[in-house]
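Presented below is the structure to which this report refers.
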């Protein structure tokens, strides 16, 4: 089978990661996966949501948006409609949950780190690109605190990357572009750590259901792609990458 | 290990299904899974969303809400806040997607079937109970059309049931109640058909990530639970159950 | 004249009151008047609105909603529309005002008691059923505080019940069902105490105006119906009923 | 008993009615009742709400608002809050219902007459002044259609006026000013026709309930006040007043 | 060239200023410029916005609205639509900015003065009339504080007036009425002080652009009109006018 | 005087214009003026607003937004707040009005061209950069129609550019960066054509008023800057620039 863009079934699109893309945020990344381009920023706020006040614990939250010009049909602004779509809410909750898995929130004090993912061009896989790019922005913001001496321990526990997989014409594929995604009968987003463990699995039979065997094929593809993405994150982060995972969460250590 | 309510790790809570619970809707069900109680209704509207106008195809959509008195802390009404929470949107999108997998929308004409799931008492697993109960309400509404002669073919393609599974204290468990859900390190909702195939998998490591082996254990539990639930649906539906799956979708038949 | 459901002009529909219908709220009632079914809950919150802060006085407030499946045409959710209808606002203000007449707010400390009335099936008279059922939920919530020793004085001053009356085909009728209500030329909701006094009168000539004589006939009917409802409330409450009215409001005692 | 402003218990405040107060609307009135001042306009729109399309029937609807400078504490704009208060909704529904009782909607074609009541100064009784003033604006707008020949029959069926009554310090009073209203234990708004019949009665025991005898006293006061107001409306309208009630509604005639 | 209402090209419409138009606000003015009529009120609130808390500095803010009956086509209420139009926001920001130029905010303590401008009849130039009238209301409110002894220094630094100018059929005109405004190719609003200096200039080529020479002609006209308006403000304010500008802002004095 | 970034008082910042920045929109530009970076897109929609239906005339409208990471303090999303700020509304109205001056709307048929300006980094002058960049995106979108043969006449009538000017420490300056803008006592945005004529002038005395002489100095600076910007636009557009202004608007031609 030949894919639309001549890739193999288990091949990622070209990935480019530009760190320090903007000058205002503590962390900012332009991530490009093929024609999908997302600006991910991480900004630190010295406040936490009400449920964390007085706990000496921080928070990571995410917002996601598509620019009107990112899609073929102009994407109407959610601000103009006055309400945020269900799809957007789902995505920003997913990004936030995934990235909170990367960090020991007890080590950053009562701070909120806002992860903003703004899609400037969409060609499939924007939510997973947001997680992969957002992770780097998060690490840079945390490092900014660490280098200033505002936090004592480097609190990033592990790498987090994400990728989409799906079944198109009965063929499991890695990293679907928009045209493939549109035709997919099964669509799955997978978020994993550098320990080969799962953080999130969201799989949907778009038109038809899928078997246990197909699920296994998809998870294998996802695992391969995520391993490659984590290598790129590691390379992009340079020296900082070595700080990741050095410190383990005091409690919550898993005893298997 | 002993569960809070003395169940075994792979045991469902007591399930009660009351068909025709209300007199206005074409289909209405009270589903009780332990202390979780959800009213699921199916109502037929002779209109379709704009994107389906003129296609001779119908639609199934779902809404979900929790009554203020369903939770320990009073649940503030989303109407009073003027906006629908992300969690609610996520759930109603999940219910809608799942139930659309049960029906050949090309057989019901330009009609929308509204599935409303109102939680009157919440004790964990409200979204999966909504799918399991909503399926029966959907079948009853479709049967109402069928018996009136408004549709020629009985369009229900398969059963759909859903259940939650999770890992609590390193132990995979079936059908979590609220207290278990609260403590779970991994939480997963699974929707399946009576062909043992998946419609949706949504798994989240709440605090820690999970391994491929743990994933497999959870999917095994879910499959067991769903098989039991489908038997209860079959029983509740009586004769109508026999009509399910008799007709296959003309196109979209899967050729493996 | 024969009524649609064979009742006499001055006859209530069958009334069923189920106390402790739900397990989360401090008070919860399912009230059924014919086919009208309303879940009324009372939940205690340890906060008061800003205008009562520091006054050592409590508050009772009410919210009302109809489930989508409660009506013949599906009732669109107010949360989905993003705004609460005028009719709903009118009803919840009426319920709140009426129930505040039952209680000495100075005796419950700075607490808010939320009365939630959710109509699961509508067949006329939902707002008056909400008041009649909500009263019992309120008493149960207050009793929960009283038994725990959180309040010293049982603060319920009198019973409160409500009923609708109206003129259909020139005939004054008690307790209109939906079909009668639809045809009524005059429609009136009356709230009274067990002292035969009025708390609220809301009468509307729907198409034509009404005379003083007709008003008197309607008030007589309402009084009869409310007396019967208060007897049912008394019976449902059992021993607790005897505590009602034992303590009079310190100030505000009426000297006639 | 001496009232705050030296009136007798059954005396209206000074009433001034200025017709044609503004030049844009088809009908416009400044009504002053003591220090309460309301601008009432009636504007004709050649459209009807969806439920009346194709019925050859018109509609009358009302909106009500208080200017920020009308009250002692600045009244925050509902546009700035983004939602209309329950009190406002209740009032505008009352005004609309009351004025629809004045007109044979079948005689004005598919037109909506918008009644806007904007309180520029509030000193009690703004909703009843809105009805009394709005009636005149409505008649002027209807007359504008009639004189242009757009409608054949003068469709105003009767006069409509409204007044507030209440009990202050156990004394029933007519036409409460703000200070009296604030202290009233019972508060009632009454809308009547020139046939001495009721259109609306809305009575509320603010702190205590009220007896049947007190109700009768209040209704007597209201009737006296409304009779006087209708005389002032008649005078203000001059010749046009003579057209009112000439034509009776074809169907809906009441046969007693 | 003869103007629609027989004015000369550089002639203002008749201006009437009624001080103390309402009894609740600390300052209130009805300003009429031809058929344009605006109620301007100034009300004092003992709170400031968050960014001024603890600074011992006050604030002046403005809101603007058109009554539904002020325009030929009924103006739909922004409260009913649930959002404030861009035009309204632009106008109320302009009014607020302009009037803040009149006052030394450091002299009024932590108070907000709300300027509300409600257009009861619109015939062009409502925003500039709001500024001219709002200034007088502001002075009266400030004087109310000053006379009570709540502030020590009279903080009004200079007069502020505003006028519209425009080009109609190639002719620069002063103070456009609605019909002229509608036809204007260039439309400009100018706000000035009694020192002949500019506070705001907002000029728009509606259909065509305009030259530097035309700009100069328009500014000359505006300056003439504003000088006349300031004389009327001075006259309307009587003795209070003499207090204006007596005290200069301590810092921020301009050294030219 | 030395400016913060070593520019002369009448010197623009470095300007970079990247055409065809994105692949979905018909026109897309990244404009950089110093550290200010705005993505401007132009997208064609085959619909017009209601007021233009059936007129065979098109429309140009603009939306503007700042990414959360564009500012030093994270800019909260307007979609999350549910309402668009006054500042945003003002800016998008300004952009739309300005760009409509560039085009003969009667030549593009019933189409809307959406101009979206998304600020990815803000350092002063974002609204004027949006106009200057948006003009190029508009020309590219129009050219796309022209080259496809969808429109017969090239409808761009003139160039449009915009710049900010202001007075800082008594010194008039061209093209203020954020730090200068923050300190400016007078702030002015000017939009002009390549005929040296004005489209918009918006000048505000932020703290103090300004004289006619200062206004003249500012306009001279603006004119110089805009001439330079138009040259850059001309260069960026290459051959297409020669089509601009070839066709004059049939009616509305100005006869001076």
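Per-chain residue numbering starts at 1, and chain names A, B, C, D, E and F are given in the order in which the chains are listed.
Just so it is clear, contacts are C-beta pairs under 8 Å (C-beta built on N, C-alpha and C of every residue); 3 or more make two chains touch, one makes a residue touch a chain.
Computed from a prediction, not measured in an experiment: that's the story for all the values here.
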Where subunit D and subunit F overlap in contact partners, by chain label: E
Copies subunit D and subunit C - interface residue numbers shared by over half, same or different: same
Selected pair, out of A-F, D-E or E-F, that shares over half of its residue contact pairs with A-B: E-F
Rounded Å distance, subunit A centre to subunit C centre (Cα mean): 52
Inter-chain centre distance, subunit A versus subunit D - centres from mean C-alpha coordinates, in Å: 60
CA centroid of subunit B to CA centroid of subunit C, Å: 35
Multi-partner residues of subunit F (each touching 2 or more other chains): 82-84
Residues of subunit D defined as touching subunit C within the complex: 83-87, 89-90, 92-93, 97, 101, 158, 170, 188, 192-193, 195-205, 207-212, 215, 219, 252, 254, 256
Residues of subunit C defined as touching subunit B within the complex: 22-25, 28, 35, 39, 41, 43, 45, 63, 65, 67-72, 74, 77-80, 82-84, 114, 116, 118, 120-122
